[in-house]
Amino acid sequence: MPHLKTEEMIMNMGPQHPSTHGVLRLELVTDGEVVKSITPHIGYLHRCFEKHGEELTYPMIIPFTDRLDYLASMNNNHAFNLAVEKLLNLEVPRKVEFIRVIVAELQRIASHLVAIGTFGADIGAVTPFLWTFRDREVILNLFENLTGARMLYNYMWPGGVARDFPKGFREEIGAFITYFRPKIRDLNNLLTGNHIFISRTAHVGVLPADVAVNYNCTGPVLRGSGVKWDLRKNDPYSIYPEFEFDIPVGQGTMGTLGDTWDRYYIRCQEMEQSLNIIEQALAKFPVEDATDVQAAVPRRIKPPAGEVYARAENPRGELGFYIISDGGTKPFRVRAKSPCFVNLAVLPALGKGIMVSDIVAILGSIDIVLGEVDR
Amino acid sequence: MHDLVLKTLGIGDLLAWLGVPDGSLVYPVVASVFPLVFLIIFALLAVYAERKVSALIQNRLGPMETGPWGLFQTTADILKLIQKEDITPKAADKILFFVAPVLVFTGTYASLAAFPWSSGFVGADLNVGIFYLLAISSLVVAGLLMAGWGSNNKWSLYGAVRSTAQIVSYEIPAGLAVLTAIVTTGTLSMNGIIRHQEGMWFGLLFQSPFLFVAFIIYLIASLAEVNRTPFDLPEAESELVGGYHTEYSGMKFAMFFLAEYGNMFIVSGIAVAVFMGGWLTPWGTEPSVLMGVVWMILKSLFFVFFQMWLRWTLPRFRVDQLMYLCWKVLIPIAFACLIGQAAVEVYL
Amino acid sequence: MGYFKDIYRGVSSTLTGMTLTARELVRPDHIVTIQYPKESIPVPETGRYRLHNNIDECIGCNQCANACPVSCIEIKSFKRMDKDVETVKETQKKRLWVEQFDIDMSKCMFCGLCTWPCPTECLTMTSVYDYSAYDFKEHIFKFSKLTPAEAEQKKAELEAWTAEQAALKAAAAAKKAAEAPAVKPETPAAPPAEKPAEG
């Protein structure tokens, strides 16, 4: 009935909304259930990370990097320390690199578990959410044992890590791997393969590869569109070149290439790849090496004047830190290139002519953490 | 209804023994209070059961603090809801906002009038009993629409419009599925339908493949009618915050809740009565009046449990998929079943 | 035939899911949550929760306050008299009276950076995590053992002692100067004349 006149309605989704994953406000222009356009409004969680960085010494900034993407603190620490080490031209002991890779990959699993669980909850399946949190809890317990904190670790320092693995810790990680593999299978059976889930996610929010590249998307969002780009392989850092692992990319298995389901499934596959990396790292771990993990940490971090950009593959994409040093103990400028912020920018491009229910699916598949979007 | 209730449960004798004169107003009051009490007690236990089922599925403990194993948790919740301030939003349509929960609850409550508890224990054994039940339980739609519109909240409006579209659509496959059974039984009276199933194991369910499929269709459609996952779009928490009851609080919210769980029981009861032999024993003999009530409730509770089980397993449909399922899958198959069963009745 | 395949997939994946959830439903031994106030997850020794300062070993060096990114540690100290200087942990000398050692746990971000530079390892993060309060002020933990009166007294003593020391020093210097060949007799002679008057 084209002659019927309909009226557009402006809806405010958030900042208090169950599935905006934090204090994000989406301004929707809707025509019934159909969304005409989406405008994200951000900044509700702005905490001046970059300004703080100018006032603090390098080690003091690390706890603040924890709080950017609070689901992937280890990876944030890692990226920031890569930058500082590059600035200092600091050699990191091999054992420390192993420890860093293991905890970073564990953190990647923990982060993906939250992403998958909340995505399921957004679609309406609550049980996978609780199941993934149950498994994440195991990782958090491991981390608490190692670092003393459950979420905001402040574990990696320039040139080292705060603590060595405690006794029996590697065996505990091994036990976690054997525990966790069947849980991924369960999750795939319950959620990934569910027909309702597939019909909710396949063909929805299709992000073509060229659009993804033009928007500078990174991480699972980019790989979901079929672009094989992972900094662990493409711009290797730490000791990642020593491990064999695949970079899962979207295949369009259930629908179109680059749809919500592809982006979701990348995370499931990446968890398995992370398990592979951890297994290899545990096997190659320099057990005999009695180096103090803090040995290479400089007493006083006073890098020479200069600027540096270092990046690492966060669970959500490329996290980069750009530091300008004026030769003092505090950086002159610190800037963070946040993957969530960049990935969120693609939402208006995806959100045309979709339905209200699809917004939560797309937003969930982009997997933003507002702590990092707003910084 | 009151005569029957009073007779069967011995309440009448009790009242007479207490010295209540014949024809006194006390009798109908007691008779109408019984379903209400049952509804409230059922809702309390069902909410508790739902929380426990979900907790166990999700490897949690669920409510544990109030009473043994948290048994009184829902009672405490209701007490809290009663005490809460009754907030009406400034911009709300006061009348609609107030009437909506009452209307929703009325639909549920009125359904119990023709609910076949047991052979001699059915409020009104109408000769169009099943028709009445299907019709009166649709009263909910009006209530939900009023709630959504009256709240003057965009999310509520979405929920209301969704629920209307959903419930009206799913009436059709549900009705067709029931019709498939009625082709066999040849009566619309609830007790008539049940009596027709005497001597059958598990009632009509395994009598013909058409009836079995019709039962599945009714089960799916009834889920949609009571807004349960995977059809909980009207209150889709992750999309519409709370859907039509976003703005409700306190006792009005509790009425919606009560109605939702009451409806769960009623649609399960209809499924049991029409396809599973109602108050008959599973092997098809007629039990005593009291045992009939027990069988009826037990069978219904199984389907209530089934609804909970499904809820904590499945994700939610999208609006267009919901309609696709109804109009393109359930209705054609239901029609096929109806015609098939009719053919069976005519030629076999 | 996609239509029937769709239906088949819908039904079969639902049944798979229901089997999985039913499997968990009948396994109460898989329950992972606990009833918190009654039981709790053991906190490892490394747990980084409430800060604690063992003031007996604290030398008041202020390194922790300098390391803190959020400035939640406030230390005020003054010098000890030589006779009061104690040795802790065999190598470290307590040369200061710590008059105030306040940690505002409501500001603390639990990064643990303060614990690392501590020379006597007296500032530690303990496993106490349940200490909520109704007032922010209750989260300011005071560790100093000196009462204000004691501190005042000690300060007065210190001042007297400092003056005494200065006088002794001056006297010694004067003596030295007197013994030494007097090149400039005015300069060393002047302070002893002034200082006692002040004390």
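Read from first to last, the chains carry the letters A, B and C; within each, the first residue is number 1.
Simple rule for what comes next: a residue touches a chain if its C-beta (ideal position, glycine included) is under 8 Å from a C-beta of that chain, and two chains touch if they have at least 3 such contacts.
This one's a predicted model, so the numbers in the text were calculated from it and none came from an experiment.
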Starting from the Cα centroid of chain B, hunt down the chain whose centroid lies farthest away. C
Central subunit by CA centre of mass proxy: A
CA centre of chain B versus CA centre of chain C: separation in Å? 62
Whole-angstrom distance, CA centroid of chain A to CA centroid of chain C, is 34
If you average the CA atoms of chain A and of chain B, how far apart do the two points sit, in angstrom? 44
Flagged in chain A as touching 2+ other chains are 127, 134, 190, 194, 196
Residues of chain C touching 2+ other chains? 14, 17, 20-21, 32
Specify, in ascending order, the residues of chain B that touch 2 or more different other chains. 57-60, 312-314
Name, in rising order, each residue of chain C that touches chain A in their complex. 6, 9-10, 13-14, 16-17, 20-21, 32, 41, 43-44, 46-48, 67, 69, 109-113, 116, 125
Would you pull the chain B residues touching chain A in the complex into a rising list? 54, 57-60, 154-155, 158, 162, 229-230, 232-233, 236-241, 312-321
In their shared complex, chain C is touched by residues of chain A numbered 56, 59-64, 66, 127, 134, 137, 141, 144-149, 152, 154, 162-163, 166, 186, 189-190, 193-196
In their shared complex, at which residues does chain A touch chain B? 9, 11, 17-19, 33, 120-127, 130-131, 134, 190-191, 194, 196-197, 199-200, 355-360
Quick check: in the complex, which residue numbers of chain C touch chain B? 7, 14, 17-18, 20-22, 24-28, 30-35
